[in-house]
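One structure is given below, encoded as structure tokens.
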Amino acid sequence: MTLTAEARTLAPPERRIAEVRSVERIGAYDLITARDPIGPPDPRPGQFYMLAAGERWGGGAGERPYLPRAFSYARARPLAGGQGVDLQFLLEEVGPGTCRLGELVAGDPLALLGPLGIGFESPPADRRPLLVGGGIGVAPLLCWDDELRAGAREPGVLLGFRSAGHARAADLFAGSPDVSTDDGSVGRAGVVTEPLRADLERDPLAVVHACGPEGMLDAVRSVCGELGVPARLALEAGMACGYGACFGCVVPTVDGYARVCVDGPVFDAAVLA
Amino acid sequence: MRPEPVELCGVPLRGPILNGSGTFDAIAAHRAFGDALLESFPFDCFVSKTITVAPRDGNPPPRLWEAPAGMINSIGLPNKGLERFLELDLPQLATLPVPLCVSVMGFSHDELATLVGAVGAVEDIGLVEINVSCPNVETGTIVGADPGETEAAVRRLRPLTEKPLIVKLTPSATDPAAVAAAAEAAGADAVALINTLKGMAIDPRTRQPSLGNRTGGLSGPAVRAVALEQVAAVAARVDIPIVGMGGIASGRDADDFLAAGASVVAVGTESFRDPAAGRRIAAELAAIRAAMRDASAGAAL
Amino acid sequence: MRPEPVELCGVPLRGPILNGSGTFDAIAAHRAFGDALLESFPFDCFVSKTITVAPRDGNPPPRLWEAPAGMINSIGLPNKGLERFLELDLPQLATLPVPLCVSVMGFSHDELATLVGAVGAVEDIGLVEINVSCPNVETGTIVGADPGETEAAVRRLRPLTEKPLIVKLTPSATDPAAVAAAAEAAGADAVALINTLKGMAIDPRTRQPSLGNRTGGLSGPAVRAVALEQVAAVAARVDIPIVGMGGIASGRDADDFLAAGASVVAVGTESFRDPAAGRRIAAELAAIRAAMRDASAGAAL
Amino acid sequence: MTLTAEARTLAPPERRIAEVRSVERIGAYDLITARDPIGPPDPRPGQFYMLAAGERWGGGAGERPYLPRAFSYARARPLAGGQGVDLQFLLEEVGPGTCRLGELVAGDPLALLGPLGIGFESPPADRRPLLVGGGIGVAPLLCWDDELRAGAREPGVLLGFRSAGHARAADLFAGSPDVSTDDGSVGRAGVVTEPLRADLERDPLAVVHACGPEGMLDAVRSVCGELGVPARLALEAGMACGYGACFGCVVPTVDGYARVCVDGPVFDAAVLA
């Protein structure tokens, strides 16, 4: 497994067709498993793929979808023989693209491009890794948690969800993550940044890796900033291409706009404006 | 299957497929795909995104909104500015396996002159594209919307370089063919069209314009019929080659543009769906051409 | 669920959904559907197809070509001509359960005057729409593309009738808002936009234009973003009501046009997919409006 | 069964959803059976319906289809209770619309509008009905043949096909139609107008009802014209709406353009220009 300074595994330079192996309902989410025959076996946690149904991508609500959609891979299982990989994606159905993907069944073709972007850097030796996920943002933390455990760096995992149905995604983690729900139906009642603050106040010698809705990431940033804890945030932005071609997916940073798809999606909180 | 080589304004190309300016960043793509990108480069000529004299941040996000069979963008021409483009980007673009066309836009005739003079002097640059879809800060109007303004701009630029000048028209002209004819009269070597159509979308959650810049440009298959009509109208008026684009997503589409009068075609939005789209379209086009040859050969017997 | 009644230029309508001129023939639809059509008439105001002084056969077939998320047409304004329209069609249209708007187009100011004078005198007609924009007929494009010409035409017509005059703009104007402002200055009571975008398609089997008339007009969801931008631009320039149209296929789309500044909306191509589209869209719009009211009521607490 | 001068059964004024019961492969064609819950039980032979897949109509080749497609009904079986009907359509897959419809499976929603247009008039008592079909044009002749037989006016049936695969459609007819194929693989070798001429020369006191490709209909017209035999032709034209709204589907007649969808699709050959 390569651990370059830039945590990026290169993608083949074309969209290819993977085969859907299964689509499982996990509470409020869909877990899609697809076999990518020629893709690299070792995407980096935090990297993402651009996905589209291999057939009938379009003709949904409002004559959409048209563009592919970006999804962090949740887990990757290399195929025997060193080439190809079974990829897992955790989806929340929020519009025509995710709804079409949620319709897929085993055997259907899935068009994909990736892995794309820069994933999570391995944490410095002197800081314990802490993973903070909100809602569908837990997806990239699954493989990151697996990898850190495999490297004997078992991280703390704090997850927040809207409700019990969404919290079902916590069961996918290897350990027993700390779960909060807005409605208190599972785990503690409240937002995930409360246990985060408590945890960091107990021991600030940590590095936070967070992914989730904008509001949550802002809260994580301010807590970490306040306590002087470095934070790596996996961001989202509307994307057309996923590989730097359209300049559409920008976020403001200390030195101007950066493209989430090629300069991220994982950013050091310190560089974000 | 590869299409036959072609010539564009005297520059030999291995095939007829360009990228639309601003729709492919070869440097970023190299970061994502590595050298495999260069081994199977999707285009036969690479067109840079539009460069301006001064650096530009571009428009505030959101910059993208999906539309039926297309998308709207308000990117806003972010670029390093002329100087840093020549210093930082050009050396990398010069290593691409295909000829390089640099697109420029100025907010005055002087700015345009500065840009064309500068890129026109660089050996590694094969062609220069002038993006006239911009407001002239002196007159306030869109240069490319007016035949007179376009002719004046191109006349001023023509003597400044030996390199072929391609004028990228704006579709917001009432009569694009008249603007193309004016560009030809002023010495343009080719015209490229269409650019994006002015468009807007509303975010249902706010009932406000979705794009940070309120309005943007529509592209993709949704605009193909409009592009074909403008290409045919321009082809009927000018003798210089036409770079046809607007919603091309297949070899079939590309052949439609050639049938309408384009000499070569450019692929834009479709590359967002697949970085290899240019190569796929070239192969499909070659197959269509071969079938046509066989058919006419059969007919000849 | 039905939307609230509205007023268009003083004419009370039971709701805000019109049909686009030339996209619904109530007389033919009555032949196909019988009286059930009248019991659940899909529109709140019926706009006739454009009438000319002399009868017209329209363009040679093929007149239709499907496009991504839309279609191109080159119908060519077939109609019985003013006299036989008044004699044969009007009595039937007068029995519709909604107000009637008659669309007219002239090939000269005199023809327009004849048309507006004639329909303006008919009691059963509630509003008159002046089509300065049909892209299939040369002069239509020219008048509507130029603010001066549009202003002159409307000034001449304004005194000829008491009825509200709606000017249907052409999207091929470089600055539609300037044309709308000119129409307002000349006394128009409302503007309607957009008409179809000039477009073309190639028949792959012949590599020739698919439509009998070579070029046609693009409509449907593909043009929605362009229409929204023009409606917003016009709304920023004029105070008279705007009839917004262009690719409306749902209540969501209709609300986007209202948010962009339209007072009422018209449905065209979507009715081809479902003759009841107008009614469905009205219901969806009413539901969206109700949800908005509840939300703001909630916020107010 | 109403036999108005105009052979037209009125359609409900809106697109409705039928349920696909089965999709059978008949040689080169697809036979779709769909349950129309509220449509009239008695469409007239020669009338047609505008069809679209109830879901994912779009996103096919060239980002199409978008508009619904016109199809003659091949057979109609009224449901018990007087309302609703099982409709059969015979399809040839030639592009994105017909290919999407060919993908449908039992249980899928089928959006339809109809019945539309004017069907075949019953033949005058003094002339024997003769049905002439070419390729997919046999579809409307199936129900017409059934109805004439039921009314004790058993027609002669002459069918022409490209090949044996297409000729399988002849098996759907009640009697034993006279079949020709271009390649002679089934029935006589040659075009259907040859047996037509022979038949009419034997006994010209007939009325021809024909549907098929343009070239065949032209040939039928000239044969019938030559021998003074009246002919009713079911025409095709590109359609957007199917109910007279778009003025797109015109054919030239002796008094100007007529709309195939509301003035046809069945026309007396004598009125066509």
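Each chain carries a letter (A, B, C and D) given by its place in the written order, and its residues are counted from 1.
Keep this in mind: a contact is a pair of C-beta atoms (placed from the backbone, for glycine too) under 8 Å apart; a residue touches a chain by one contact, two chains touch by 3 or more.
Just so it is clear, the model here is predicted, and its values are computed rather than measured.
Chains that touch both chain C and chain D: A, B.
The chain pair A-B and the chain pair B-D differ in C-beta contact count, and the higher one is A-B.
Here the spacing of chain B and chain C, counted between their Cα centres, is 34 Å. Centres computed as Cα averages put chain A at a distance of 54 Å from chain D. Between the CA-based centres of chain B and chain D the separation comes to 47 Å, rounded to the whole angstrom.
Across the assembly, chain C contributes 67-70, 220-221, 252 as residues in contact with two or more other chains. Residues of chain D in contact with two or more other chains: 58, 62-63, 66. Because contacts link each chain to all the remaining chains, their graph is best described as complete.
On the chain C side of its complex with chain A, the touching residues are 69, 221, 249-250, 252-253. Looking at the complex, you find that chain A touches chain B at residues 8, 10-15, 52, 58, 62-68, 113, 116, 237-241, 243-251, 256-257, 259, 262. Interface of chain B with chain C (complex): residues 67-70, 72, 142, 145, 172-174, 197-202, 204, 207-209, 214-215, 218, 220-226, 228-230, 232, 247, 252, 255-256, 259-260. Those residues of chain A that touch chain D in the shared complex are 55-60, 63, 66, 100. By the touch criterion stated above, chain B contacts chain A in their complex at residues 22-25, 27-29, 31-34, 36-37, 40, 42, 49, 57-58, 61-71, 73, 75, 78, 220, 269, 271-276, 279.
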